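In what follows, a structure is listed as structure tokens, so that the remarks can point back to it.
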């Protein structure tokens, strides 16, 4: 890794000391126009989502909190470095000197890339070894970089918040891996598969940090100015709407009208996923509410009916229910994005606004918005194919009996991989 | 909600794709001057305070952590949407086309509005049903929007951090509701009214995030430039001072000189409340320390003497002690603001500085600062009246026997409203 | 404190209402160029590290979570005020009117100053009384301000992330104090010296917030523009690299290849410490990875071999292992900084870039980089001397039998200083 970084990675012109001269050459009046100040607050919010958000969201299991937070940390730290190389390599195809120039935008993109793998981790949580997770991440990041390059650069689809690129891909990637690693005797670990009171409270830390910072996630790499502003507002509204629907559905479909923490921890976030692609478009505030409303229903019902069905009949054991939180809402997000793009017009966006928002420049000058809608739809297909295809291949690799995966009655337990000392009985 | 948003809510000019043209028309040189970049980091800090801060602060009860975090989440997500409509409706009175234009400042204001209701929730924590909380929020937001419009627009009082508008109103609103919902037999739940060791640690997460981000709260909607800068510094100093006084008083007035977590969790925040109104004024660094010093004493003594007194003699059961953390410090903050405003002079603020800070423009041109002090004082009265009056009315509504409130021996227990499964005995 | 603030502390020109005139006089085009907007997001991140990061990192002990979070809060709030005075006093030597002008940069510096004392607290965690901590802080802040002034202003060393000024000083200060306060019979408290399952999860909150926001820490007071940008990137890479090495070493050197939470909680952060001084230099991305790689190894091995050795043979009881997390990586950071500075050249930095990065202005105009390397090395020596010397003196003072320190069998227990009520048995 060090050697690869030594050969390929350099600072970009905004993080290089030649910035002083760059500023003069480009007639930039102030240091505050360095991309750092446009993106750094959002970058830190995304960073919190990756490490605290995903990490703590998965602590809900009574005896797998170390693994949830710790392996999440491991995957993310490893994935970030690999993603900088992989994504950078594709972006560097435009440059002359073959070097990868990195700045704050690359760090955000690396975080996004890692998010895809952490979503996949959610499906296999508690059932794989750390070595398997490293393999999962290595291939996941690589697949992600290829898929992203195809969708964003070759197909020229737009995907600010990554509904397709991150969530759809990550979701189906994880589900396929989990399908390949199906364990028929997993019920031997059923005593450990639930939560206890305060492991649920820990998980709420993850939920809340994901929920709060999702507007930063969806706006982190959008265009400066109105694009970031609008993406944040749309995401905020969709999320607020999802919370209400999730609580209502959870209460309606449970016996005695009680709320279920699993739904509150997960489905409340579905709106943020589903508004990802269209966040920077003119989705309109009421459109965001509608998207959030629908996703709250679908995601909660998914937890109640679909996850048990998939486990029983499709042999897909989805520990965190990523199908309901990422895969389905990601698909919806892609579709919403395609429709919103196809419906775009100069009367709504203004002449320059339309060009800026959809990046109708260069080879795509004078592209009609309806055609852009088709490109968006093509993007969804690519994401699903890469997710399922990649997942099946990587799943096959992970079935090799060399990775030290836990026995069926040791799943969802920190004991095999962590020093838990004499305190291990406190939770039981 | 979706229909109302569809009819009324639109993007403002800084989150609309016409921003490109707006920039040119107003001769704005860079995207970084979009209001988004001035306000978004503070907005996210405020957002964290609302969801993690208030949510976790209330997890101190041993068996009501789900309710604390979960219902806080519900109130906030519902309240945000309603607040955008209510506050927007009043602000839109100045526009021609009857549409509500939203941008990041409106999102912050909605968070502020929700804060008022979450304060009120603190008084009734554990004693009401989720449906009652929705009603409490619906009316609370509406009252807040009216009260805010009167104080800020009609009376032309300044209240950057909302000592009057948020804390005084929210505090008395909650206390009045709690007074109307008095339960004489609440001691049947006394076994559940305390904390356990790690529920107190969870609550410290809330305390710390509130404490750290309070400078962002008080500076979030102040004037760009020196106003935000000064508000952050003043709040920071007041809070630092309060921590020391709280620890000293807590240790002095307890037997054996031991510290009490209730005081550390709550009273350490009182300085931020009390410096809210005057945060953007020339309170001076030592002035902030004095305010923090006094509030630490008053708030801690309030927990030791006043809360038991109110419960016993005034029939006000105040679960979180919001009278000590919000109502009293809010009043002090209003008074400090009135005094500081009345004492303002051109020699301290400079000619333009005075006009900017107090917004002496339009109808208020040439207004003497002493008169502004009177307006501030009038603002305090309005906040108290709305709080007490509104709380009594809403309390009456909530006494109707249709809302499914918990029985006296089921208070402070998650059991009636949440699936807690077999793990429910871990904490007892 | 209030009197001292009243006499000495004023707002600086960017937080004063005369900013309007200042802007005109200095031809500043927009409010966004107020230093507030360059620094405030990083300031808040640093603030989170100080209060949540350090506070929760130390909650790992099973019965000392109140003390960890609570006394951390006390030290920080007290230290901030004292640091504003002490640091401000030294910086005010350049002014004419003897007043200390404060703005957001001073708040960050005060947080840095406090960090030094909190590091020292890590060494004596659980073995001292709150009064002793106040004394430790009072002297620690004062020593820090002197040491910082010597290193940064007199010697003209650069230390953006404080590897020398904060970590080396704070580490050796704490270790020396702990050496002076050696308790031969500490094993009487050994039943309380471990962690339990969820106290380790609480500690991970601290670890993650420190890890995530370390790029903000190292870039918070660097030069606007490319300096902040580069510092963030370097820190980010070093930290990512450290996580991988730590996990690998932890697993290799434990029996059965199990991971140890102590290493994950602490050693993963060592890379951020070690890249502090050189963060704003042209360390290059691969250089950051190398630094992180080495530190992960050294720090983890330190926990396995060095801490037990120091406790047994050198009579230094280091509760949190600050020698492995702060003292050694700080030294490495200082050395890396000296080498990087000595190797600087105009071909890499550009003419103006070199001057800006190393501040070669005024008396230091035309200073050769190799000489700057020597100044950096001198800085390391000063930090170590102040740490050890100051720690021994303050340790002597703290040995006086007037401070109410806990008995040997009461160490690592919240009972002596906190109301823990009937819940005290839950963790045992």
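Labels for the chains are A, B and C, by order of writing; each one numbers its residues from 1.
Going forward, contacts are C-beta pairs under 8 Å (C-beta built on N, C-alpha and C of every residue); 3 or more make two chains touch, one makes a residue touch a chain.
Just so you know, these numbers come straight off a predicted model, no measurement behind them.
Participant: Have a look at where chain B meets chain C and say same if over half of the interface residue numbers show up on both copies, different if under half do.
Facilitator: Both copies touch with mostly different residues.
Participant: Since chain A and chain B share one sequence, what rotation angle in degrees maps the C-alpha trace of one onto the other, as a multiple of 5?
Facilitator: Rounded to the nearest 5 degrees, it is 120.
Participant: For chain B versus chain C, what separation do you get between their C-alpha means, in angstrom?
Facilitator: 33
Participant: If I count partner chains per residue in chain A, which residues reach a count of at least 2?
Facilitator: Within chain A, residues 29-30, 32, 37, 41, 198, 205, 427 contact more than one other chain.
Participant: With touch defined as at the start, can you tell me which chain B residues reach chain C in the complex?
Facilitator: Against chain C, chain B makes touches at 29-30, 32-33, 37-38, 41-42, 45, 62, 194-198, 200-201, 204-205, 208-209, 211-213, 215-216, 224-226, 228-230, 232-233, 236-237, 239-241, 243-244, 247, 254, 258-261, 264, 268, 282, 284-286, 289-290, 293, 348-350, 352-354, 356-357, 427.
Participant: Along chain B, where are the residues that touch chain A in the complex?
Facilitator: For this pair, the touching residues of chain B are 1-3, 5-6, 9-11, 14-21, 23, 29-32, 34-37, 40-41, 44, 47-48, 51-52, 55-56, 59, 65-66, 69-70, 73-74, 77-78, 80-81, 102-104, 107, 130, 198-199, 202, 205, 416-424, 426-427.
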